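Worksheet: one structure, shown below.
Each chain gets a letter, A, B, C and D, in the order it is written, and its residues are counted from 1.
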Amino acid sequence: MTLQVGVIGVGLMGATHVGLLTTAVSDAAVVAVSDASAENAGRVAREAGVGSIHADALDLVRDPHVGAVVIASPAQTHEAFVLACLEAGKPVLCEKPLAATVEATRRILDAEVALGHRLVQVGFMRRFDPGYADMKRRIDSGELGAPMLVHCAHRNPTVPHTFDSEMIITDTVVHEIDVARWLLHEEIVRTTVYTPRSTSHAAEGVRDPQFVVLETEAGVLVDVEAFVNARYGYDIRCEVVGELGTVSLSNPAIVHVRSEGEAAAQVPNGFQDRFAGAYVQELQTWVNAAADGRATGPSAWDGHAAAAVSQACVESLRARRSVDVRLGERPAMYADAGRSYRPVG
Amino acid sequence: MTLQVGVIGVGLMGATHVGLLTTAVSDAAVVAVSDASAENAGRVAREAGVGSIHADALDLVRDPHVGAVVIASPAQTHEAFVLACLEAGKPVLCEKPLAATVEATRRILDAEVALGHRLVQVGFMRRFDPGYADMKRRIDSGELGAPMLVHCAHRNPTVPHTFDSEMIITDTVVHEIDVARWLLHEEIVRTTVYTPRSTSHAAEGVRDPQFVVLETEAGVLVDVEAFVNARYGYDIRCEVVGELGTVSLSNPAIVHVRSEGEAAAQVPNGFQDRFAGAYVQELQTWVNAAADGRATGPSAWDGHAAAAVSQACVESLRARRSVDVRLGERPAMYADAGRSYRPVG
Amino acid sequence: MTLQVGVIGVGLMGATHVGLLTTAVSDAAVVAVSDASAENAGRVAREAGVGSIHADALDLVRDPHVGAVVIASPAQTHEAFVLACLEAGKPVLCEKPLAATVEATRRILDAEVALGHRLVQVGFMRRFDPGYADMKRRIDSGELGAPMLVHCAHRNPTVPHTFDSEMIITDTVVHEIDVARWLLHEEIVRTTVYTPRSTSHAAEGVRDPQFVVLETEAGVLVDVEAFVNARYGYDIRCEVVGELGTVSLSNPAIVHVRSEGEAAAQVPNGFQDRFAGAYVQELQTWVNAAADGRATGPSAWDGHAAAAVSQACVESLRARRSVDVRLGERPAMYADAGRSYRPVG
Amino acid sequence: MTLQVGVIGVGLMGATHVGLLTTAVSDAAVVAVSDASAENAGRVAREAGVGSIHADALDLVRDPHVGAVVIASPAQTHEAFVLACLEAGKPVLCEKPLAATVEATRRILDAEVALGHRLVQVGFMRRFDPGYADMKRRIDSGELGAPMLVHCAHRNPTVPHTFDSEMIITDTVVHEIDVARWLLHEEIVRTTVYTPRSTSHAAEGVRDPQFVVLETEAGVLVDVEAFVNARYGYDIRCEVVGELGTVSLSNPAIVHVRSEGEAAAQVPNGFQDRFAGAYVQELQTWVNAAADGRATGPSAWDGHAAAAVSQACVESLRARRSVDVRLGERPAMYADAGRSYRPVG
């Protein structure tokens, strides 16, 4: 009954997935890996006791011993691998972004719609974080009234040298884009990207921090500070303001220390630390559905919508003006995703 | 040596000042009051043991027993009373706004410049709050690096029925406008006002909440949520994000209660509660300087700049686009106010 | 490679273990259960897909398909089952208390010492909680200086009707006894139990809350409020005071809600909620060691020491005076447990 | 109408009172000072503009220009000066302790009873702290149910070289003794002082920290950690545990800083900082009553009770056993102080 998983791309993210599937997730085993670097693939396979290594990721997808696939390779490769999984009829967990362009995510949507049922889960792991889940529960309960504003901050201590201004949208803000859509049950229709004075710790020419204002169908305003050279820690904040009150993520402190004139709690140092539990839940949810040949969690439509909003943000960043989001039709199969907020009772 | 103070306008704010000057501020006594409502004036005078009531506020200004004046009457009356104080050579604490229009604040500036020394302090009491003061100290120390973003929320539980969309700028956001200028030592040059979906608890036609994005000379971005029907409490929040860290106001809780499944702290219920100490400090600072015939604290220039930014915000609110601030020349007398941030060491 | 686990006792605690071993722990499967209630055993086995039910728990221990045993039956049965596991050479995780009397825990110690290596892990799951683990790391680092005081509170919202005054020691305070020994690397030598006025919500004749003062070899003072009808929530608090500072558990809040005049965070409602992660880590640690035929984590000596301190506390509760702990010799096999605190560097 | 105050003893505490009476308290002026050190007296008088200096404190008491007296001289001098004030019929604010021995506080009681009305207020300023006041309000409201336990910590960063083990009771724990009596409306009947291992930062031979367990008439247990070389800050904590919930002092943070991996708030660095507002309120309350020839606030009975409990604690510290408090009869004049807690409704 153990799900036989193949993992494509075993860099930092993919190796983390291999580790969690091996040690922390029930009813799953990693049976094959593939990576552009044979050395990477060999090392991860050896450490995790994975028997099979495929030089060509498409061979991994087609391997009859592989029952389901995790994709953690670079973004521009996602489309081909996801489409191959759909063709092979195998459940797939694809790291965000679902694909590198909106056109590509649309092609994936079309293929899944043609298939007639979901096989794709997109790696928006925050939906599995207990804090975000509790925020959603409280918003949905209606106890805070209709939401009107969402304030977010997404701060990384540092990023690789190659991380440029547009990646701050496509790799960083994309999480808040998904979270906002999910918390609000609404689509984002317009975006404006502001570029305040940059930190002296950003790479030459990179605009960091950025401040993004998103507007939803119903007029909810979502603002996102994205700051990827924040130095002091990995700090994820979110507050939803409703007609009767607000709900916000707490700093995930486990102890407080009083010393040298201060009472202090640690700020997490990275996403692996902050969202460790969310990754396990994400994988377990995926494994449980994949064992039945299904997919739940963030859908291809969510991946497509995030890509469309990201693209509008990038355009706003370049053109320095507000940009409307072009989302296209939502296939009936994904009907749930756009449900408007409706208070209870 | 006791400063003999006359108070013009003894509604909620003015009566609060009379009370504090009488019971909590050293070396000051209220000797005269004036109010458009003779009944108000009589009641407040009786309660505080004030001997003299002037039907005409200008008579109060000219009363030889009055050494200094507090103005807490409606905004449109401020200009005439402040100018009268300048003419009489009497120190004046004028509640915000300094005057109802930018043209009026400019006329006050001109009169004070012609006089050659400061007599006017504007009632931006937040500068006297220990929390804001500590934020400023830490920013100025350079320990957080150069500021890049300021996130603010200004929430009132409720407002009078007459409070309209533009007053959310001129009476509410005006505090954050002053705080941002003061914390950053910079002028605001551009503003964009967003109007998210309104709360159902706002009066018919009123846009509440509003979300204001201010940009400074040096490119710092200041965002302000102003929400005056927030129901749950009076909640003032401010976080400054620097290159190395952030500083934010703490919720001013004095006790925590654990009961019925929750650990809870009170949110203040109004500005009188939240800024009680700041009002005392503001008045004491004013009294101390006025005793020497001088004024310190927020200046007429600060009042003028706040009015100019407010006006640009109101224009942005009406026109639904970004608007540049027209500030005009800053007289040399107010040189300090626009100093750019410069890290120490 | 999957560890084949048999579970004895499938009430609330045992059924929780069956569930976690089945869904959240890697490399383990529950293959057999036993319970005094055949109905219980049948239901849990059915729900978890366990194939084998033993009417007699000793048969479960001897079942050749069972590779390791979890004991979650009533305390007075523990000794016989643990001894049977030792005889069968099978790793065993025994819920606290290790046995119902100090004499019984001593007999278990003797049997394990005769065997020559550890097979027993005692169910003190708090050692696996991230908060306690971080406290220990910081104490051991020496950054807070030598510990002098430990303040604890252990509050349950409610307890079953049968929970009496002595069970407040043996079932509740026993956790703090183990935590204190583990955090301090020291044995407890003396105890005094105070009985403040009881809550009106305690059962007739039950002294609740109780306040326990424990003294260690090196003179560290540990105070424990145990309050099992606290109504408002499950609240576990611990602060260690060192020469240079303190470290304390944070309230495990994931979100904060602001509404109706308050900023509030939830208090957990029970141990399953508060220590969910700790139970998984406890079981995973046990499974990993058991797969190698070993035991790590809290040892039989820890179980014995907790029993000896508990007994002294019960005696103090009855006699209303301070009582010395009679611990006996610590076999060399358990040498680590009594190591005194020694600051680094 | 201004109260003419004479201040006896202008060391650290007395000079603070002179400063506050001069700059922060309404309707009072310091007209005379006295100090064992003529130099001290001269300097403080000069700085505060006080015209009259008395070499003999008893002359100050009798000075017809002095309407009320503050006593902040060493403890052993208090009795004589308070008795002189009673004889002169002048309101007096006496710093704690009211007198150096229980016999002396009893003589003061007798004198005030003979006089027939209160003139003495004892300097337990914490009753005027907003946090403690809010705790009391919530306890008195009955919302937390009947109190059963009070947990306190009183930590000073450091103390003068001359501060010995007994002063940790008489100068430090005495504040918690008063607070507990006041919060609970009850007398303390028994005390046990524990001496954990001492910090290496204490002076030779001084037992620091100490841990004091107090028991009240109704069986409420109050525990107090007193730690006067805590290094990291001035940290005052108090939690009252009731049948339905708890209330505790919040850390008085005004800002939070996030930097270098931590979210931190300052801990106060001394009592002047932590209780600045309480001292002002204490003095204002005293001034307001003294202007009418009366005294409110902590009474001579409170001073006597605190002395009696302190004495029992010192005896327990010396004898290393529990000690009963000998309080004697409470004169009818002070009837309010011992009222038992009674929940509302």
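One rule holds in what follows: a residue touches a chain if its C-beta (ideal position, glycine included) is under 8 Å from a C-beta of that chain, and two chains touch if they have at least 3 such contacts.
Remember, it's a predicted structure, so these values are computed and weren't measured experimentally.
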| item | value |
| --- | --- |
| Per Cα centroids, the chain farthest from subunit D | A |
| Distance between the centres, which are taken as Cα means, of subunit D and subunit A, whole angstrom | 57 |
| Averaged-CA centre spacing for the pair subunit D and subunit B, given as whole angstrom | 38 |
| Interchain centroid distance [CA atoms averaged], subunit A/subunit B, Å | 43 |
| Contacts with two or more other chains, residues of subunit A listed in rising order | 231-232, 244-246, 253, 258-260, 265 |
| Chain contact topology (line, ring, star, complete or other) | complete |
| Residue ranges of subunit D touching subunit B (in the complex, touch as defined) | 22-26, 130-131, 134-135, 138, 143-144, 244-250, 252-260, 265, 277, 284 |
| Contact set on subunit B toward subunit C in their complex | 232-233, 235, 251, 253, 258-267, 269 |
| Residues of subunit C touching subunit D in the complex | 145-146, 148-149, 151, 153, 194, 196-201, 209, 211, 213, 215, 218-221, 223, 225, 227, 230-232, 241, 243-246 |
